[in-house]
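Chain nomenclature is as follows: A, B, C and D, assigned in order of appearance, with residue numbering initiated at 1 for each chain independently.
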Amino acid sequence: MSLTDTGASVQAADNPPPGPGRARRGLTERLLAVRELSLLIALAALILVTTLRNDRFLSGQSIKDLLLGCAILVILAVGQTLVIVTRNVDLSVGSILGLVAFATGELFLAAPGTPWPLALLLGVALGAVCGVVNGGLIAVAKVPALVITLGTLYAFRGVDYYWAAGRQINAADMPRSFLRLGNQTVLGVPVLFLVALIVVAAVGFYLRSYRSGRELYAIGSEPAAARLSGIPVGRRVFAVFVANGALAGLAGVLYAARFGTLDAAAGTGLELQVVAAAVVGGVAIFGGSGSAYGAALGAVLLTTIGSSLAVLRIDPFWQQAVVGALILAAIGLDRLLALRMAARLRGRSAHGA
Amino acid sequence: MSTYRRLRAGATALTLATLLLGSAACGGTTRENSGTDSGAGAQASGAANPDAKLKEGLKIAFLPKQVNNPYFTTSDNGGKDAVTEIKGEFKEVGPSEASASSQVSYINTLSQQGMDVIVTSANDPNAICGALNQAKAAGAKIVTFDSDTKPECRQIFVNQVTAEGIAESQVKLISQQIGGEGEIAILSATANATNQNAWIALMKEELKKPEYSKIKLVTVAYGNDDDQKSFQETQGLLQSYPNLKGIISPTTVGVAAAARYLSGSQYKGKVKLTGLGTPNQMREYVKDGTVDAFALWNPADLGYLAAYAGAALASGQITGAEGDKFTAGKLGEFAVGKDGVVVLGPPTVFDKNNIDQFQF
Amino acid sequence: MAHDSLYAAPPSLADTEPEAGRLAGLRGALGSWDAAIVAALVVAVLLAGLSVPNFATGRNAQFLLLDLVPLALLALPMTLIVITGEIDLSVASMVGLCSTLMGQLWLSSGLSLELICVLVVLLGAALGAVNGLFVTGFGLPSLAVTIGTLALYRGLSFVVLGDQAVADFPASWTAAAVQTLPGTSIPAAVVPVLLLAVVFGIVLHATPVGRALYAMGNNDEAATFAGVSVPRTKFWLFVVSGAVCGLVGVFWTLRYASARGDNATGLELTVVTAVLLGGVSIFGGRGGLLGVVAGVLLLGVLRNALQLADVDANALTIVTGTLLIVSVVLPNAVADVRARLHRRRQRARLTAS
Amino acid sequence: MSPGAPGAESAPLLELDGVTKSFGAVAALRGVHLALHPGEAHALVGENGAGKSTLVKTLAGAHAPDSGRMTLDGRPLQLRGPADARAAGIAVIYQEPTLFPDLTVAENIFMGRQPLRGLRRIDTRAMNRDAERLFERLGVRIDPARPARGLSIADQQLVEIAKALSFDARVLIMDEPTAALSGVEVERLFAVARSLCERGAAVLFISHRFDEVFDLCQRITVLRDGAWVSSDRTADLTVDEVVRRMVGREVSSLYPKQDAPLRDTLLEVRGLSRAGVFSDVSFSVRGGEIVALAGLVGAGRSEVARAVFGVDRYDTGEVRVAGRVLPPGNPGKAIAAGMALVPEDRRQQGLVMELSVERNATLARRRALSRLGLLLGGAERAEARRWTRRLQVKTARLAAPVATLSGGNQQKVVLAKWLATEPRILIIDEPTRGIDVGTKAEVHRLLSELAGEGLAILMISSELPEVLGMADRVLVMHEGRVVRELPRGEADETSVMYAATGQGATA
């Protein structure tokens, strides 16, 4: 799309002095903030409308349910952000989550006395191993992530099915302390949501303020240039997939704690929602921009839509259609904003002459 | 330039081709003149020989809705026990996701492998009919269980309970628990699950009875037999209907999810829940007081009975005609009812007192 | 266009010059990919025929081919789309929506079935046009757009029929869908598939349109400069894809005598697998129709044979995933090994001299 | 000749000895020697495909040499990747800017080396401040906090230069950095390079522009076909001598436009405008005439050409071909009307690298070559053979991917592709950009020949001698407007440059 971007360049010496430049500082960041703000507004509007129809939607119980409901999607969306920012995508997260969730159940079956922090660690490690498979195949074979993770989406799920062999693990098989993790609240806020918050904050902070975090954006923005500027692209992309796998593993353990009933189908089709959440949250599907906070907000918005459809008694069949429409709307909006911005920047260049 | 024009021309041509193909088939088939083929034809061909012994070495295949469903794993294992008892060959195959089209491909495979009996639970009453008929033509006996196809596509349907039986017991349970009045909701599985819809329709009939006149069914929600979705739907029900007194969830996935939601919420014990669930899944919630009582047939027995019915068919003991009788091992004697239906029996009601006696 | 950004080019430090050299080597390897896949197909058929009981029968061939009709049909336009560097993940959802639309029309419109079939194909084309509009009109990556419409169309297909399944299609029609050619066990439905395959093959390999498709898949800018209307061509490709989905929707509905919202769920993955297995490059610009047809058949034979050999459905899931990964990893790996060997030889020669 | 022949007054800072690198069957570098001395600017010249860019990438750590030694300060240097090169103090400015469009200018400059504060966090404020300082040093003003997306090519190049500066590099490599820069910017760049040299850094400068090479560099190394030819002090060389070494033969007259009888007006452009890009552009070209569109880079010349051809849209105005209005925004229609555009960026815009030579050569003619909508191999091959012969394209097989051809031959394939459409109007953007000296003359002869056959040729060129030598008329653009029209007799370096820099607009 760079066909027109090369237009009217300016002699550098004639550029405007940096006085007004200061005012336009951080245009990208401001645009991102705008995105996050508009998400918040959309969220508020949605809650308002739903509450007007049914005032129970804002009751303590309902808010708790909402926070509980979005926690897992938030974690997955944040992990996906890491991947998408580097111009990749991981479609296997749903399968990783399912595999880890079942593995956690199996662990408690096999060793009932396992303390839950250990189970948590093991789950994260298993997720990371899946990430290693993804990242390894992508880095070694130099094949697009989309195809590889489409393949591992099948493969991980197949392993999960194979292992489970039609069995189901019930809440009774898991220790109470572990299940409490899924429902407990601290000052009225579910523990699960707190975990998600920590993940969001950590990843968001990392992406914004650390060199390697910024390098992820560089990779997604222009892979060839990233390589030439000495960024270890292969290693970073590999690490990103491992990190995303680990987060999916974390989500898997939390899934087990929250739902208690586990079979091999846990998390089937979740990848669509995850990608949707990230994209709705302003993570550009072609890499290079977006934030963990936005993705998290996207996940909250999606979950809220799900809940409010149920509360508004809108035909549940509409829900999937709404998710699809939202993805389209989000990427369309992004495109519009990008075009606007390009036009503004070009305009500015021209004025400078 | 005109690359796109060519493609556009191609698209038009494609449409035209369809039009031609369509009209070539025959002239104007509409719903009115097509005349739905009513499945009046019961199939009992040949005569039953009640004294025939069960053959040994029968190849009996179980094809559940999907292989990763614990419910079906249990019933298929029941079937396996039965097949072992009669010294047959047991096999369980099935798709990993509950879709009718993949079941068709499995039916074809089974008939290709020369199975004597195919025991299946249909993902769609019509979609697998063609394949079943072909298998039947190739010599296989067809038994359905849990979810039926159209009657003409199989010889016997082993029904867990009659739909009436389910509807009656579910409505009775909820009525007892909520004290005979108030709003109730139903949390079903997928919106196009045959048996669920039949039960729901009958429950609505049942609720019209005078003794239930104070009970109002406010809505039917669908949890898609997906744990998370059922969980969310329960949430939604409680928020949408503040006066809700009870929920019936006639599906094992749904009732467990709903119980888990209730047990962790402020509604625990206040909103009553009943439905169809397995004792293992529900034990915790019965003991912690979330659920008073729920019902289910024994899925293992269901599979067991289906296997025996299939063996009896293949051995010529029965043909699937009304009135045929056969013995199903430890379960005793059963008779084939109208339309080739065999009923397992009334559902068992589980509560605090008896739940520990059941392990499935 | 932005689309190519998603299929992150294979990471390679080489600049364009050696890259091109490497790709040229790859091309050499792939020229034989068609041959390799056909050979693999022959081997698979022979092996299965010899070792799997009941495989080599006319009846089984009928089952096999009948099962492959939707896959083969969908793979045709998908091949063209992938060659232009785009992808259409919404095909299965379009099939589902077309199927339920057909059911709903039959149920409530009172129109003749012939007319309904034509309408459904047209509706399919309209659905494809929506994809095309988003991809070419708004310049969005097709991957993101069609993930969105995958959810949207599937959701809508549940909205259209809700909890019903329409099944009372006339028996003569449903029988026609599975009829065999007189005197053979080859399903009659194979004939139109073959005809369409020939048409698509000619378009791709022996018309100006086909040349343009390859050109834009490799370098859409150069194609634009050569007078190819890249956006319009892609738009119409998506329309054709939609129309074919309509056709498949009709066939699916009649074959299974059932119009349901979940028809053909997940089929898009199989279609993409078959196309990639057939040697079409996910980066666009490379591949042929013969390979794809062989890929479709190979996939069908493998599945059928494994099923007959009583391999667990879960193992089949793993096989499909692995096949997808292998079919993209292998060509790259082969090219890589070749390049490495060549370098070594070069070095050996240098040190020797 | 022995490597590093000229003088040995200071020990080389960076030295390459016998470096070899091949890609597949192609040997890009064959035993290259190079010695960069501290405080000196060193030019690397050679025809296209001589291996300059490969050498740059080897020095940048992007390619690992197959054999040969590199030493820095006399110590062996092994580069496992671009990061190693950076760590060794080697900074590279590439021919094409390699920026991250989504990141800010400052981040682009300091990627991987951002100033940190507590907890190893990035100190954005310090980073922007540092970037601003760098720009001050360069004497330009670019907002460090704006995203790189939308920067003009020249500004992008300046950011690259700032990046290289920020390293305090000991070795600065510039691969044709001036291609997109205006005269003022080039001067500023040279000033920076000189100041680096004064501090003891070594500069490697790659350019096709001899005036710049002789202006800046103390030594010149010539490469030919991947092999080292010579390294000498600039003072000992003349331009002719360098050219002779580059091509390995004498080059005859460079710009041989013959007079051809002028025919009817074939291309007429009236009041063409596109907001922010160009405005009110009008001109006409007659058969047999070569009209040059001159001006500084960024004046909007290529954009006008693209709009005329229909690749880009325009807001107002019209284009007529032989009196008929051409619908806007449709290159297909333009081709059908007999127009051809040889684009500026041949690799990106002119060729489909993975397709064969014949497919490339006939891509624009694919429709005309088809019969009953079918396009069968024979027709394409015959057509391709005709044109590749005429242009003397060297290729083993017509079915070989065009990527396997050398750069110069690829250029010829692009020309063949457009000449195969048998155009009446040929728009050619930078006809000899990146072409080696030998082929340059061939291209000029061809253009002259085509004009003689009655074609109307619109030539865009940044090389003044080419413009002055080839054009019957010169149109000078400045900031999106045609500011002067100079007939052949009146056009000279002063008048064109005067107009191009905007001073002549009102004169």
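Assume contacts are C-beta pairs under 8 Å (C-beta built on N, C-alpha and C of every residue); 3 or more make two chains touch, one makes a residue touch a chain.
Please read these numbers as outputs of a predicted model, since none were measured by experiment.
The interface with the greater number of C-beta contacts, when C-D is set against A-D, is A-D.
Taking each chain's centre as the mean of its C-alpha atoms, the one that lies farthest from the centre of subunit C is D.
Computed centre separation for the pair subunit A/subunit D is 42 angstrom, with centres defined by C-alpha atoms.
Centres computed as Cα averages put subunit B at a distance of 71 Å from subunit D. With each centre defined as the average position of its C-alpha atoms, the distance from subunit B to subunit C rounds to 34 Å.
In subunit A, the residues that touch at least two other chains are 3, 158, 161, 165, 224, 227, 287, 317.
Residues of subunit D in contact with at least two other chains: 62, 81, 311, 330-332, 335-336, 367, 373.
Counting partner chains per residue, subunit C has residues 13, 158, 162, 207-208, 212, 221, 227-229, 261, 312-314, 316-317 touching two or more of them.
Of all residues in subunit C, only 53-54, 57, 59-60, 63, 67, 106-107, 110-115, 117-118, 121-122, 125, 158, 161-165, 167-174, 176, 178, 192, 199, 203, 207-209, 212, 227-229, 232-233, 235-237, 239-240, 243-244, 246-247, 250, 252, 255-258, 260-266, 304, 307-308, 310, 312-314, 316-317 touch subunit B in the complex they form.
Note for the complex: subunit D touches subunit A at residues 60-62, 81-86, 92, 94, 98-104, 107, 111-114, 116, 120-122, 128, 132, 138-143, 145-147, 149-155, 158, 180, 182, 184-185, 188, 276-277, 297-298, 300, 302-303, 306, 311-312, 479-480.
If you check the complex, the residues on subunit C that touch subunit A are 1-2, 5-13, 134, 138-141, 143-145, 147-156, 158-159, 162, 221, 261, 269, 272, 276, 282-283, 312-325, 328-329, 332-333, 336.
Of all residues in subunit B, only 1, 3-4, 6-8, 10-11, 14-15, 18-19, 21-23, 25-32, 34-37, 67-68, 91, 93-97, 99-102, 104-106, 108-109, 112-114, 124-130, 138, 190-192, 197, 222 touch subunit C in the complex they form. For subunit B in complex with subunit A, the touching residues are 67-70, 72-73, 96-97, 191, 219, 221-222, 226-228, 231-233, 235-240, 242, 253, 256-257, 260, 264-267, 280-281, 283-284.
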